[in-house]
Each structure stands twice: as structure tokens, then as C-alpha cells.
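Here's the structure, in C-alpha cells; my notes come after.
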Amino acid sequence: MPTSNLESYSTIAISIADEIAHIQLCRPQEMNSMITAFWTELPEAVRYIDEHALARVIVISSQGKHFSAGMDLSVFQNMSASFNGEPARRAEAFRRHVLKLQDAFNALEQVRMPVLVAVQGGVIGGAVDMISACDSRYCTQDAFFCIKETEIGMTADVGTLQRLPHLIAQGLVRELAYTGRNMMSQEAQSSGLVNHVYADQETMLRAVMKIAKTIAGHSPMAVAGCKEMINYTRDHNVADSLNYMATWQSGMLQMPDVMEAMSAGQQKRQPMFENLLPKTVD
Amino acid sequence: MPTSNLESYSTIAISIADEIAHIQLCRPQEMNSMITAFWTELPEAVRYIDEHALARVIVISSQGKHFSAGMDLSVFQNMSASFNGEPARRAEAFRRHVLKLQDAFNALEQVRMPVLVAVQGGVIGGAVDMISACDSRYCTQDAFFCIKETEIGMTADVGTLQRLPHLIAQGLVRELAYTGRNMMSQEAQSSGLVNHVYADQETMLRAVMKIAKTIAGHSPMAVAGCKEMINYTRDHNVADSLNYMATWQSGMLQMPDVMEAMSAGQQKRQPMFENLLPKTVD
Amino acid sequence: MPTSNLESYSTIAISIADEIAHIQLCRPQEMNSMITAFWTELPEAVRYIDEHALARVIVISSQGKHFSAGMDLSVFQNMSASFNGEPARRAEAFRRHVLKLQDAFNALEQVRMPVLVAVQGGVIGGAVDMISACDSRYCTQDAFFCIKETEIGMTADVGTLQRLPHLIAQGLVRELAYTGRNMMSQEAQSSGLVNHVYADQETMLRAVMKIAKTIAGHSPMAVAGCKEMINYTRDHNVADSLNYMATWQSGMLQMPDVMEAMSAGQQKRQPMFENLLPKTVD
Amino acid sequence: MPTSNLESYSTIAISIADEIAHIQLCRPQEMNSMITAFWTELPEAVRYIDEHALARVIVISSQGKHFSAGMDLSVFQNMSASFNGEPARRAEAFRRHVLKLQDAFNALEQVRMPVLVAVQGGVIGGAVDMISACDSRYCTQDAFFCIKETEIGMTADVGTLQRLPHLIAQGLVRELAYTGRNMMSQEAQSSGLVNHVYADQETMLRAVMKIAKTIAGHSPMAVAGCKEMINYTRDHNVADSLNYMATWQSGMLQMPDVMEAMSAGQQKRQPMFENLLPKTVD
Amino acid sequence: MPTSNLESYSTIAISIADEIAHIQLCRPQEMNSMITAFWTELPEAVRYIDEHALARVIVISSQGKHFSAGMDLSVFQNMSASFNGEPARRAEAFRRHVLKLQDAFNALEQVRMPVLVAVQGGVIGGAVDMISACDSRYCTQDAFFCIKETEIGMTADVGTLQRLPHLIAQGLVRELAYTGRNMMSQEAQSSGLVNHVYADQETMLRAVMKIAKTIAGHSPMAVAGCKEMINYTRDHNVADSLNYMATWQSGMLQMPDVMEAMSAGQQKRQPMFENLLPKTVD
Amino acid sequence: MPTSNLESYSTIAISIADEIAHIQLCRPQEMNSMITAFWTELPEAVRYIDEHALARVIVISSQGKHFSAGMDLSVFQNMSASFNGEPARRAEAFRRHVLKLQDAFNALEQVRMPVLVAVQGGVIGGAVDMISACDSRYCTQDAFFCIKETEIGMTADVGTLQRLPHLIAQGLVRELAYTGRNMMSQEAQSSGLVNHVYADQETMLRAVMKIAKTIAGHSPMAVAGCKEMINYTRDHNVADSLNYMATWQSGMLQMPDVMEAMSAGQQKRQPMFENLLPKTVD
């Protein structure tokens, strides 16, 4: 059974039910800081779910008081320790190291299903890079967001500066990045970073699961098409994006899902859509 | 007289006065659903107005309780009926069909004059694609917006997913597209989709016509230049857009309009600007 | 001493202290209108500060009741006077003239340090182009913003239409550009144009200087990296921007700043970072 | 019968046989100069052939000693005559006029079937713009090519400078454009502008028709896919082009054509492929 | 020892000596047709060599009379067999299948070291896609090249149409793609597809190995930088490419290699450069 | 008299006659190696000529047996000497240093008039970067070209790798860059790098001056438009380039030059065109 692979992780806990995969950061006592294992486990898990079409939505949350403290100190220490040897080759190796870290969060936007993230408490440093790569963000009243990297003498390099300017006002991104100040939940909502603020984590998870359930009830082809198009249009001009849409539809829009949706509507029942095909069937 | 062409449409009613063309969706009893004729009439009308320089602003509104229910069921039925024959050729034909539907709304952003749209009640499916291609949006308190396509098993393909991410926060676009939920007028305003919410349609139309009148009083060259530049900058980087601006000005900025504006200012009167040239004069 | 160059300007007054350069528009009696000298002095000053690494943040404000009335009438008159001679060569010269004016504000986004702008009263015409090129904007309650160019018969051509659509909702940009109406401080904040509204100029400057001080306390390499990346990502797709980030880090992320930040943290003291290198050391 | 529309043109003669449409410039006595009618007739004809899927290849040649002398003097005279009135509006109208002329040749690259052009004698001015928009070029020994526009005081503006740099070495394009000198057939071949040089027009047409026949014998879906992809890759980076290819294939690669090709191969007979669908069947 | 992984392949044989990895297609009796295993083994091998920095150049050649007959018939048969089930999901799966095939050749341009390919006899269908992704191409007199896909009713979809137009004249690419005709070695050289034509395979391999040896003698950092830049500039404009170059150099240009090269020059000996770092050292 | 500035250079000698500026590298005894002064003098000179519209064509050649040995050893030594201090700030400074060197050759493609370059003997290292930025290249039989940087342990970083792939076949660029081998004049011509090979320098200069004279006899507006468009189209897609062309013409195509050209043609005399306007007239 393919899901067995998903049970052996040390930094995340995964449960799948009703076409919804719930991934929880599970090191609350260490504030879910991102240790070396995390950077491998997270992308592996979301890609595994996608490849085997194990779910139609992914919800990410975390255990404990804070969503995540970001990069663990141990990663910086390793990085620091490896700063020796011929400097050009080290620079080349370091570039590839950053590309590999970035790739962990690229996975969140590359998988075919939406990824919703629900956060509480501190969302710090690398955690901001991470949630910026999710489809939609939700938070509790006590949540706060911090581009911590500036404060520790470096430029955030795993996605915050590349994705946040697509999510909230540029003038605000710059202030947050240059000052490293905390942004509170209210400002996160009014700026558009999060879609909704909830009283507490339990309320939040109930609401986000309800959103996930609505998504899971739709045709996964229709939803995957939306995700592909919104990703595409962020990175291309409108004319190219419209052309890509039409070309996509030439293969991806077929009648069975539309027929099922219409029948279900007439019969006042929930439609039943086939899953996406696993990628591993070659 | 060229305007005569504009009187024979079945899905839209057009009146032109004081340099403002008012296009109304005129099938209120069918919730202004977009039947086959609509997809030809709308682009033909706006392009005709542009080619003959018949107005300096276009205002779009609709009759009845709802702005528009989106694509009419009959269009889906035709589409479904044509799903037969050799599948590659059908796919190629379908791609061109989507491109043609998209082109109906491309007309709204390609014409030289601003297009303002004022909506009430339901703005559903194809209607969201349509208003996303307009310059600015205004609504009544009872308005709601819905990316309906997901619910009927398909990915919206005539512009919503290509243009809405340029208008409102990405996290919200994704939630709306994946869930197909209604967005109410208040959220439409706070998210930036509409510029203003009005108590009712009459109040709204009065206000929007006043905005239109202000625009119509300005030099149509200056206004057309603004539209061209804002369209261009959405699709190009800032350096290219600045260069395009300077190159555009080399031909388009001439002294007569500036002189007239300054004289009028000194004389405390309304300036009188020439119309754009019709495109048909070759 | 290199700063002496900065003392001879007629349209701006510059003071530098605590790594913060404060540039004030200093022609309050003429509403800080942008005369010919201004277009040379502003870019020269900010580039000089950057080249000699004289500060880590630049704050721009102005003296008097209004931030700036925009382009001075005399510039239009000169422009009008030069509209003669062979028209093709004049068009080519005019294109270069616009490019040169634009370049004055390009300087604000090209320098390595953040540029914060704090405005009160009228921010009109060319002043909107100017603040759009700054990193973050702050205003007083009595501030208002106006794309005046449309009203005087021309299309704004020194950056507003290229940068404002990256800062606030597109539907709003278009309304402001087509109508030339005033936008008040409250709308400027809710739309994301300004980060914060303050009761009066004194309060505003105190707050903005505090923000500037926080920025100046950080590693200038980290901050300059943030600015480069946010500029870059605005103009490139996410994949290119992530790759650029990783390549940048291969040279720019070194251990000394991180070490100093960590030591200071452990020792509960302010970290002390080296300045950027002046560009003039070849 | 739809082809009847194609028989009424004054500047081109069209014959269609064996899935090959042959378009001849038919004003040899005036050196096939491009009069006003030509700019409408050529795009109308090629688009009509495409829309009705009347052929699988288009071959363009001309009657008389020279392929074409380019823009007719009368068009310049009309243009000159219209240079009056308010200069900004005239500039805007002129921009649209150039876009419309360009569109005549855009048609050659937008139609779904390849367009081969076979030229003899002079290929001058606008004729170079025209052949640059064709898929492949062939010429006789006596052919010569000339970017004439520079010599008459203007910059070529209907496609030469946008397409020729994609066809031959940049250093050569620049010399030809700046000097306006003739390029002879041998240099046209060694530079890659033409695929082959033939002794005389009769030999050339026989050879080009043979190439056309080979193309017409292939699946028109496969050939149209090649054209779409080569056009696309010229204007996009390789990663985008590969992704577009895969998305295209999801609809356009189906089994019937492959099966027919394989069966025909085994049975040692010519395969028989269905035509593309006409675009007019909605 | 890491190289052991490279010894178990069924479709390619690999030997590494003197910093040169030689990969041979080793199914000569089946004309080195590309069976399913090939599409996994080739990218795995070249990426393994890159990750472990096992060589500084890769040379690809093949055993037998022909370089490769392209895609094996069995792959088409599998593909055909899987054409069933719900058509939208099948289309989505097929798109991902094409992306995966393409990725096999993307590996050739993504690895840090140059890939030279030396071909003889037939280079057919998928083999043209493959060699187009290599850095440089060399062939024997009896070599010929054929875009076979068109003849079997489909559009080439694993890279030929995306990369060949960057290698040879567009008019020729189109003729080759539309007709599927053979291009002989002489035309391959004059068109720039291959760098050199040799009398026979033995002569060719001797010459190509000599080129490889020269490359392997240079600093692998300098060579990898060249490859990265030429790839980058193909896909970006010149201004972006120059900026990327400068940013790259900030980390990658260090003094040790330059010093060693200069010392070696003065001492009239071969310079000795360190290898690139393996990617697996994290 | 503005030309006086041009007489004080130590690395180049400039003469202007008949609208042609001839710039000669004038340190033949040091093989015209590029010392620090050269990197300032060359761009300053070509920009000065452009700003004052002192010529309509620039021809670059050199004195002595070799065109140029490229970067002078002293520049490397300075660079090496400055490799100390905090490494991040040094990396940032070095990036700016490379950008500044690149800018010296950017000047060649940014000036409004064509730049022809005529080379003999060795064209080595930085000299290849330089000639790649010129409009057209011409050489003597004894000329050879060498991307020397690879051999001295670094990646060429002032333009070769960004511009050469636009000039000659990619497979050849890569071989030249990876091996650092010499390319002889014959291969330079057949690959399209140079437009023509001449027996010796005297013959070459006579021929190139004749080409320059032809260009100088044309309308400088027409020629400058060609240069702008060919530069632009290299960096943009065809649709954008056509639109830019049309927008450019709206200001830049006026009747006087066309009229003069036509009159001169009818009167069988040389046309007399006005110069471009100097940029310094503001």
C-alpha cells in the first residue's frame, strides 16, 4: 500500500481521509524549527501524495503554540562549518545548496492539488518562505509573521522575497523585509496575506477543513486546471496565459465531468468525480 | 450614419450620449445569460464604437435583478454535441473555439477608451471573466461574484484565471476558484475587485455616469495613452514599460491638447478636446 | 570630504546622521514644484550617497504644507518652446528627453539602500511618479494624491503608469489615471499605497525615522540583498527570481555578518556591521 | 462553394489542387508592386484558405521578371497626403495604420499550414518583409534582395527588422538594413535566407511543388503542430516551449493518424489523412 | 566506489578516464533504438556523473552502423495501449508522460560539464531531439538526420522543435520538420548543426576525444560558467544575461584558478585545477 | 568646439570626416591590450560622438599587427590585489566592477549610429567581447579569434557569452568557449561572425569605409531606426517588436526625409538629410 511510505517521517505527521491529506509539523517542543530532515521530508511527502493521487487537497498545520520558528540553528551551524576550501567551488556548491532548499517549497506549488496552510503563533523566517508557496493562508488571532533573516545578517533566500510581493502590497513587503518587524494577524488579513483570521486553532482547523472538503468535492481535473492556470498567469503575460488556457482545454476539457456535474445538479445529489491518475502509471 | 449598426442586437442595448456609450445586457428575464449571439454582438459593438470613435468612455450595466448568470446552458449543449469525430482534429477545433470566446472579452481591453462596468445581483461564471477584462468595476450592496465553472466540472477558460490574479490577492483568487463560493460585495471592495459599493443600481449608475463624464471631459488622447500604458505595464517589466512610454510620447504628446487644457484653466472654462480619429479613415 | 558635494543644491536639502540620509524638498513657497534643476539634483544626490556608501537608508520628505505640486510650469513652457524644427528629429529628441526625466526616479530604485518617503498635503502629478519609485510610502492625514497629468491634456510619462499598478489595485489605478481625481490618505492606506497614516508631519517623521533607524541597524548587505531581490522579482518570473537569488547568495552570503548577528544576540547587544564598500574604490 | 471567394482578386491569382494552394502575384507589368488592394487581398485569401481548410500547403510565387518591387508609390502618396490635422491624433492613426499593414504578413505565419515562397528577380522593400514571414524561401539564380526602405528615407516597418534577424546572421542583417545594398542569390543561400537556389523559375516551381506535395501527403495535424511549435519557440524560452509542447500534445496527439501512418507503412501505400476541420464550423 | 552504479545499464555503456566520461549507445543490433529503459538510464547516468563530479566532459557516441533509430516501436505500442479510460485524466497523464520524456534530454543541458556528441549513419526521430540538447555535434560523412515523427503522423515532442531552431536556419528547420526528409552530413555542417564532418567513426572519435581532452585540461569552474551562461543567454535578453553574468562572477570568480593558470603559463607546464565539488556533499 | 574632448585619449585615436568617425586602438606596441584607461575612454568617446551627433557611422580599427590582445595583465593584477577584506562586501563590489566593464561595450550597441569594426591579426579575449557588441564585423585573411578567458581559468564576463550566441551557431560558440581554440578568418566568415574577409588591412579599411560612406549618405533617422529595431527584436518576441516598430514610427516617420529622398531620386542627385539632434540640447 503506497501510503505506508508516509508514516516514517520525524518532522511531519500525515493523515489522509476523505480525499484530504493533513500534514502536521510535529516537533512542537522545538517550535517546529526546520531541521535538516524537514527539508527532505516535506517535499518528498507532498510529491508522493501527488504522484499517487492520494488526496485532492493538502492542508498543512502544526502542533504546539507556534507554527514554526523557521530554519533550525543546526542548519546554520552546518553551513558555517562548510565554509572552507577553494572559494569558487564552495560558492558553486552553496548556490546548489540554496537551489535545493528552495526546491522543498517549490514542491508545494508544483503538486496538482491545492495546498492550504493554517497557522498560529509565530510564523518566522523560513516559515514565511514556506507559507508563501502555499495556495491560500489562514491564521489565528495570535499569529504573527516575521522575515527574521534580515535580523540575523542575511537575505531570506528560500522564496519569501520571490513570492510575497505577489501576495501583498509591495511597500509593505519592503518594510517587513528591511526591518524584520512582526506583522500581526489583523494586518496579515487586511494586506491579503491570509484569507481569514480565526479565534483559535481549533476553530481555524474546523473552518479550513470545511473549505478543503468543498474543494475535494469538485472535479479534481477542474481544480488542478485552476491551480496550473493561476501559477502560469503569475509568471506570463495575459496573452500567453490565455493561449495556454485554450491549448490546455483542448486535452483537459472533456465531457464526463461536466455531464456528471449536471446530472448531479438535476438529481440534487453530490457529484462523484474520478480521481486524477497517479503519475506512476507509465 | 454609422451608429445604425448598433441598433440591431438581441442581447445588448446601446445608447450613446455626451461621448459616453452605455451598453446594457438586455435579457433580464433569462438573467442575461450569455447565449451564442452575445459572444459575437458584444465584441462587435465595442469594436465598432472604437473604430468610429463614437464615444470616449463605455459603461456596461445590465437590466434586471442580476448582472449575468454567465454562459448559457445552450452553449454547453452545443459544445457537448460537437464532441465527436476524429479526436485530434476536434481538439484543435476546440482550442480555436476557446480562443474565439476569449477574444470577445479581449475586445474590452483592446479598445482605446476605458470600459467601466456596474453590476448588481449575481455575477456568475462567464460574467466574472467579462468584468475582469473591464477597466474598473463598481457594484451594488446585493452583488455577489462566483467562479461557477469549477462547480460544473470544468476550469474557467475565458479570462478569469488570467486576469483576476492581477486584480485581487492571489490567496483569495485561489480560494474562490477552487471552492466556487460566492464573494459578497463587501469582500469585493476590500479585496480591490470593485472600486466602490453603492446602495442600489440607480445610485450606482448615477455615480458611475458621473465618473464617466469626468473621463469624457479629458483629452481622449491622454486617456487612451493611460489605458495603453496600464495594459502594457501589466504584461512587461518596468524597464520595457518606461521605454515604451517614452517612445509612445514621441508621437502622441503634442502641444494642442496641453495648450487647450491650460487656456481653459486660465479662462476657468471646460476644455474642448478633439475626438480620436476613427480607425476607418485609411 | 565627499559629502561636501551634497551641500550645494537649490531644490533639495540633505543631512546625514546615524547612517540615515534625510533629503528634503526645500522650495516650500513654490510648493516644491519640480523645476529643471530638481531633475538633475535629486538623482545626482541619491547616486552620490550610494556610490560613497554614505548612508544605509534614505528618507525623503519635504518642507511646507504640500509634499510637491509636481512638474513646474516652466518645464512645460520650455518643452512647448522646443516644439519646432524637423518633426522626426524633434520626436527622437523628445523621446530621449522623457527617458532622461524617467531616469531621475529610476535612481531611487537603483541605489542599494532603501528609500522611504514621508508625504503631507498635496502629492501631485510628477510627485506621484516620484513616490511610486520609492521603497515604502508614509503619509499624514491631510495628504492627497493626484495623477494631474490627465487633467492638463497629457499622459503621465515619468513612471506613475509603470509602477503604480504594482502597488495598488488595477481597477483603482485606472480610475485615478482616467479621472485625475484626488485620493485621500485613508484610501491611500486601505489600497496599500502608503504603509501608515499619521496625524501630522512631526509625528510621521518621528515614526519614519524610527523605521529608518531599525533598518540602519541591520547588515547593509542583507538589506541591499532584499532590495535587489524585490526589484528583481517584480520584473521576472518566480523560477528566474529563485535562481537569481541562489546565484546572488553564492557571493553575497558570507559568514562574518551572520556571526556578528549571532554573537550580538547572545551578548544582548546591538550588532555592529561594516558599511557597504563605496563604488568608487575601483 | 467556398472557393468562389478566392477568384475575384485583382493583385493575386489563386489555384488549388491536390491540397496545395498556389497564390501568384499577378501584376507583372507593374513589377507586382504592393498597391492598396494587395494589403487586403493577401491576408484575406490566406485566412480564407485556412478557415475553410482548403489546402495543406500554400505556395506563393509571382508572374513576370521580378517577384515584387515592394510598396507601390501610390501608397506613399496617400500616406503623405494624410499627414495633416492635429498631430497627436494623426500619430495615433498612423500607428494603427502600420499595425494593419503588418497584420497582412502576420497572416502568413498565423495560418495553420506552411507557406513556401518561391522568388525570382527583384525582391525589394516590402517584399522582403513579406518573404520573412513565410515558412521557407526558395529562389532563382537571378534573384536579389534589397531592404529598399532605408534608401527612401524611412525605417522598414512591416516586419523585415523583426523577422530577418531570426533568419540570417545579425551582422549581415545590419549591413543590409543600413546600406540598402542588394544581396544576390548565392549570399542568400549561404546565409540561410533561402533553402535552395534554382537555375530558373520553371525549375524552381517544379522543385517547390514537389516539396509542397511531400508536405501535403503528411498528416495535417502533425504539420500544423510543427508550425505552431516553431513559431512558439522563436518567441519563448526553451522551458516554456517544452511545457507548451507537452500541453499541446495532450489534446492534439491521438492515435488515428499514427495508426494510419503505420498501416500504410506496412502495406507499402500512401497514408490517407483527414483534413483539418474548417474553423467556420462552430 | 560511486562509479559502480554506472555499470549496470542495458542501453548504454560508460567508461571514464582522464576526466572524460564516454557514454556509448550499446544496442547496435537494434540500431540503438530508444526503448523504455533508455529513457531512464541516460538521464540517470549523466546526472550521476555530474552529482559526483566524476568527469569534466561527457562524450556520447554509439556502436554500430547508425547512431540511433529514435524511439523504439514498443514505446509507441505501450502508448497506444494506454489510450483508454476517461479522456481528460488520460490527457493529463499523457502531458506528464511527455514532460518526463523531455526531461531525459534536459539532463544533457543541465549538467555542469559539456556534452559532446559524435554521430554516424542514421540520426533519426528521437535521436535528433537528443543531439539538439547536447553542447556540440560532430558527424561522419555517411551521417544523415531525419525528423521522422512527421512521417508517422505526429509532431516531434521531446525537444527537436524547441532546440533545433536555436541551432540552424529557421527556413531549413521548417522544411526538415514539414517534409521529414533526410539531411546529409554536408548540409548539416554548412547549416551549423555539426561543427565538423569526419571521414569515418574512428577518425571522428579520435578528433572529438582530443577536443574533450582540451576541455578537461581547463578549469572546470571556468568551463561550467561558460555552459551556464550560454544556456542562460539563449533564454533571456542580453541585459538580463549580462547582469546574471556579473552576479555569477561575484561568487564564482576567485583567484586560485587564475593564479594556477598564470603560474603554469610562466612555467610552461599544464595547469592543474581542482575538480568541481560533488553535489552530494551537503 | 565639442570635438576637442576627443583628442586627449591615450588608448584610442579618433578622426571624424564626412560624417564618419574613425576610432583606432593606438597602442600597437602593446598589442592594443585593454588597460584601465581604455575601459573609460572607449565608452566616453562613442557616447560623446552620439550625444553631439558628430557622425553618422563609427568605424573601429586598430594600429599594428593585431587588433587587440584583450584585457591587459595589469587589470588582472589590480583585481587580484583587491581580493581581500570582508568577502561579502568584496563580492558585491566585484559584481559592480564587472557591470562597469560590461558597460564599456554596451555603449557600442546603445549609440544611435552603426558601429562597424575591422580587425586584423589576433582578436583575443576581451576583444571578442568588444567586437560582439558592434553592429557588423569585417576582417583580414590573417585574423583569428580566441575566447582566451577559459585558458586563464575564468569565464569570459564582459559580453562574449551573452552576444556571440546571437551571431554564430550555438554548437560552434560552445566549442570555442570550452576549448579556447583559435578560429581562423575563413571559419569566421562561413559562421557569419564577419561579413567579409579581405586580403589585408588596407584593402579592408578601404572597403569598410565605402560601406560606411553609403550608410552616412542615408537619412540618419532611418538608419538609427534600423539599429534600434534590430537591437530590440533580439531581446523581445516578434509581436512585441512589431508593436514597438509601429509605435516608434508614429513619431519618427515624418515626411521631410521621404520627400528629400524622392526628389533626389527624380533629380538623380545625392539626397541631403539633416543630422540627428545632439542629445545635449535640452
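General remarks:
A, B, C, D, E and F label the chains in the order they appear, each numbered from 1.
Basically, a contact is a pair of C-beta atoms (placed from the backbone, for glycine too) under 8 Å apart; a residue touches a chain by one contact, two chains touch by 3 or more.
Note that this is a predicted model, so its numbers are computed, not measured.
Common neighbours of subunit D and subunit E (chains touching each): A, F.
Common neighbours of subunit B and subunit F (chains touching each): C, D. Subunit B maps onto subunit C through a rotation of 120 degrees [Cα fit, steps of 5, range 0 to 180].
Centre-to-centre, using mean CA coordinates, subunit C is 47 Å away from subunit E.
Put simply, the C-alpha centre of subunit E and that of subunit F have 33 angstrom between them. With touch defined as above, residues shared between interfaces to two or more other chains in subunit C number as follows: 87, 91-92, 94-96, 166, 168, 190, 221, 234, 236, 239, 247-254, 257. Chain pairs that touch one another, listed by label: A-B, A-C, A-D, A-E, B-C, B-D, B-F, C-E, C-F, D-E, D-F, E-F. Interface residues of subunit E, counted against subunit F in their complex, comprise 57, 114, 135-137, 166-168, 190, 192-195, 211, 214-215, 218-219, 221-223, 225-227, 229-230, 233-234, 237-239, 241-243, 245-255, 257-262, 265, 271, 273. The residues of subunit D lying in touch with subunit B in their complex are 36, 78, 82, 85-97, 221, 224, 251-254, 256-257, 274-277, 279, 281-282. Looking at the complex, you find that subunit F touches subunit B at residues 236, 240, 244, 247-252.
By the touch criterion stated above, subunit C contacts subunit B in their complex at residues 76, 80, 83, 91-92, 94-96, 98-99, 102, 106, 149-157, 159, 161-163, 165-166, 168-175, 177-181, 190-191, 234-236.
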